[in-house]
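Going in written order, the chains are labelled A, B, C and D, and every chain counts its residues from 1.
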Amino acid sequence: MLEVENLVMEYGGFRAVDRCTLTAEEGHITGLIGPNGAGKTTLFNLIAGAIEPTSGRIRYMGEDITHLSADKRFHKGLVRTFQIPHEFHRLTVLENLMMVPGHQAGESLFANWFAWGKVAGDERETERRAWETLEFLELTHVADERAGNLSGGQKKLLELGRTMMTDARLVLLDEPAAGVNRTLLRKLEEKIAILNKERGYTFILIEHDMEMIEKLCHPVICMAEGTVLIEGDFQTVRSDPRVLEAYLGETVGDAA
Amino acid sequence: MSPLLDMREVRGGYGDADILQGVSLNVAPGEIVAIVGPNGAGKSTAMKAIFGLLHVRGGKITIDGKDITGLKPNLIVQAGVCYVPQVDNIFREMTVHENLEMGAFLRSGDQTRAYDRVYGLFPDLKERRKTLAGNLSGGQRQMVAMGRALMLDPKVLLLDEPTAGLSPRYMEQIFQICRDVRDDGVALLLVEQHAKQALAFSDRGYVLASGANRHEGTGAELLADREVAEMFLGG
Amino acid sequence: MEFLELLNFYIIPGLVLGSIYALGAVGITLVFAILRYAHLAHGDIATLGAFVAFAAVTLLGLPVYAALPVAMVVTAFAAVGIDKLFYDYLRERPRIVTVMASLGVALMVRSLVQVIWGVDAESYIRGIARPENWWGIRLKDREIVTILTMIGLVLALQLFLMKTKWGKAMRAMSDNPNLALLSGVDNGKVVFLTWLIVGGLCAASGFFLGLNTELKSMMGWQMLLPMFAAAILGGVGRIEGAVLGGLIVGVAEEVSVIFIPSEYKAAMAFVILLLMLLLRPTGLLRGKVL
Amino acid sequence: MEWIGLLNYAVFMAIFICIYGLLALGLNIQWGFTGLFNAGIAGFFAVGAYASAILTTPEAAGRIGGFDLPVPVGWAGAMVLAAAIAWPIGKICLRFRSDYLAIATIGVAEIIRLVVKSEDWLTNSARGVTNIPRPFGDLPYVQSQLAYLALVGGILLVVYLLVERQIAAPWGRMMRAIRDNELAARAMGKDVPFRRLEAFIFGAALMGLGGALFAHLNRAITPEAIDPMVATFLVWIMLILGGSGNNRGAILGVAVVWVIWSFSEILTDQFPPEIAIKAKYIRIFLIGLMLQLVLRFRPEGILPEPQRGVSGKKDL
């Protein structure tokens, strides 16, 4: 579904992503692990179109999207979440969800003035869907709260919820578990699994919570220094000495 | 030995949420201490708490017995703590020498000795003292950043991931420089991603997870601890 | 057209005008780089400086050129005062709010000038200055002084920025404000120095415009666009770029008269501004883009 | 002053308040909801005034014209032309921080002023365009003023309702989202540059319409009628004082500032002539000072931006 080919991202001489090549299969939840600075989030930024790569190609459903703008990728069903929640802090939780669907009738000035009926109908449908999402996430009690006032975990749920407001096909989740307490974490896992099974979302998941990776992800890709180190099922990746080394660092000299 | 830098049960964060949920650590004179831990453990945050870049809601931080909890960074500098951030840690449009001058900004009088000391520690920089810092390689930039901090002759130097993004060759060089700095009489506290190397060359280490202390001990002890290795790969 | 004619009637006046723009553009670029906002009252502070010099000439009876340093000092402190009164407390708010405040200050400074000195055109010296002829090149004394003073002031400023402790602190603040603060640089003092320098340069710019043309209450506002165009053309944060940009804009404006009606001289700056934003927003010397 | 004179004056002021109300609503869309700094309001105002004037006047010697079109066509033309000028400026400058837009719009206003002043064939330069038809212009003075007030009042009301609807609709929600977090809005598929451009152009069109209404009120338009700085600045202080992000606040701000502005004029007219001339500038100074005071002590304005989008409590 997604093919990344020889992708390079350079910032002032430093290669955050270095000739990275990987694929994500439709219907799978692909886990992306690796130490800090491995280039995982940069890779997400590249796939989602927030930044343009120095070189290399990204293909999505057979189409080259390397130079497509972020909003166009979104409309093709390629949706991402952020590691640090990027909620619209002055909008209510409900509005945060309702703003998501693309091509709403009410986003056109003229429709607002001359086709209010259509806009209102559209809006009812969007609101229904938003409430559904809130129920699914068990967030209905904070629907009218400003999103900025939510707890860290609730914001993470909201991030996930936004991906449900569109006809997403490939969802990039950047550390959904970070800063989320245990109970909420299990809920989050459950929701991701449901979305994968019932709605057929394909996920790529950056995560440091290995339990979550183990439960959800197949295959698991480990990145280090901007490129793919190893790919396989969780146990294979986990027990590979290179992975441990990437996390703990190579041995310098014979001090260890 | 009584600790030089002492951090006790510190809690705090940027917004309302506490990222640090009670972190305690200390650094004795002439020591290199490493803070390691999985991503999101609060390592850099702990360091920023020491340097007053964070809202500290509980606990106490002292240097040489003097309370510096919640002080402004410039006062903490005067108390003898210097900090090298992970990114944006040099003045790119100024020469290497000017970067060092900025390091000594708060000092008056003749700085020849301070320059000699820093250039002695970093001979590479001496050759390039007229080069714009922005034109240097990653490892050299890190040296500029450390040199700038050392100009104030601190008692403790805080380094936030000094080897991030560096090649193994440079990494080793930076570690060597850290030892030289220590031998020169400055204690070091560093946050490191490359846990194994860091613990191997540090005198002591702390392993943090989820904003709290998890393990501590000498570098060798921690390296040998199977539990510590496990932590990095699983919850 | 003969070369000498081109030189005498277009290039030289262009360079003189360009020097005036350069003095203003250097200030704009400093404010842009260190304080990080577009200062819209810049032109009107230049007007104020020009009229302070006028007062020094008419009230104190100073010789014209002696009025320049007086005007520079007075305007420098006026600029510091304006910052303290109107910009300082907006520092925590989005920068664009300060831009808005500076628009208000522009209006206030101008109306102050209009209240004190009226709206009629004035001049420092009565009578017509005759240009001297140097091998066919016609130059007036005041034109030579304008260009030389501009060069002198910019060199002095560069020397200050490159060689002195506080000059370096200003550059550090422009380069990496967080690290400058970590190094113990007192932000308030940098801001103070910046306004002192910017105010002085403004006054010089206004003074030379008044010297080479005449003094009008709207003169500064009309210089604002060319000064910004010059700063952006040269690359925001680049002193030498602002000078280069000023000279290019000045010459472009004068030479444009050959091709387009002279009323539209002022439009050249706008065209240059838009072209730069479109093609190379970092300017000729790779400055900042906010 | 007898009551009829007072009434006349009140009506005259009300008409101006309506016209400035349009400008303030236009600026509110640009600044209040989108954060775009337009320092060239007077330019768009002038474009609207001249466009409508040229389209609707009978033939006159020495300049283009004689279209003699119906007034509504002129007004539509005013909006279209103002929008057409906003488009390329927005296209170039909206990629950058709003500082650059501020400078560019100052430039646009300046160039429009130059064109208006020097192009004989187009605007009849300093003599201006006269014989602009005025709706209800054939009625006796008082009735005519009242009718015109009703007309501009009606237009303002319609525009207000349209803008309010637009803000309450998904469009407004999207704009608020962009203002809150541009990166996330882009990741949620919103075409941010296009939306900004849209807001800038729509605001400019309203400013053009305001200009047209002004020209038709006076039956003539000359370059002197529009002091670029003062017109632009008055609209800014109106919006900031009234409360940016709040349309009712914008109109309230217009009324307050316009009343202060006009009454201070009456007051200074009583002074001896040598002071009265200067008084105009003192008034401008005080308006500038007023902005600083509002920014310092009540940055949210008289009527702050309401919390929108609470379910079950929709504005429309």
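What we mean here is this: a residue touches a chain if its C-beta (ideal position, glycine included) is under 8 Å from a C-beta of that chain, and two chains touch if they have at least 3 such contacts.
To keep track of the chains, here are their UniProt names: A, B = ATP-binding cassette domain-containing protein; C, D = Branched-chain amino acid ABC transporter permease.
Every value quoted in this text rests on a predicted model; they were computed, and no experiment measured them.
Contacts with chain B and chain C are shared by no chain at all. In this assembly, the C-alpha centroid of chain A lies 33 Å from the C-alpha centroid of chain B. Taking the mean of the C-alpha atoms as each chain's centre, chain B and chain D sit 56 Å apart.
Centroid to centroid, with C-alpha atoms defining each point, chain A and chain D lie 44 Å apart. Which chains touch which is summed up as A-B, A-D, B-C, C-D. Taken together, the chain A residues at the contact with chain D in this complex read 48, 50, 69-71, 74-75, 79-80, 82, 86-92, 94-96, 98-100, 102, 104-109, 112-113, 116, 119, 122-123, 126-127, 143-144, 146, 162, 166.
The part of chain C that touches chain D in the complex is made up of residues 32, 37-38, 40, 85-86, 89-90, 93, 95-97, 99-101, 103-108, 110-112, 114-115, 118, 221-222, 224-225, 228, 232, 261, 263-264, 266-267, 269-270, 273-274, 277-278, 281, 289-290. Every residue of chain D that touches chain C in the complex is listed here, in rising order: 35, 37, 39, 89, 92-93, 96-100, 102-104, 106-108, 110-111, 114, 117-118, 229-230, 233, 236-237, 240, 278, 281-282, 284-285, 287-289, 291-292, 295-296, 299. Considering their complex, residues 17, 38-40, 134, 137-138, 161, 164-165, 168, 171-172, 175, 192-201, 223, 229, 232-235 of chain B touch chain A. Here chain B touches chain C in the complex through residues 73-74, 77-78, 83, 85, 88-94, 98, 101-103, 105-106, 148, going by the rule given at the top.
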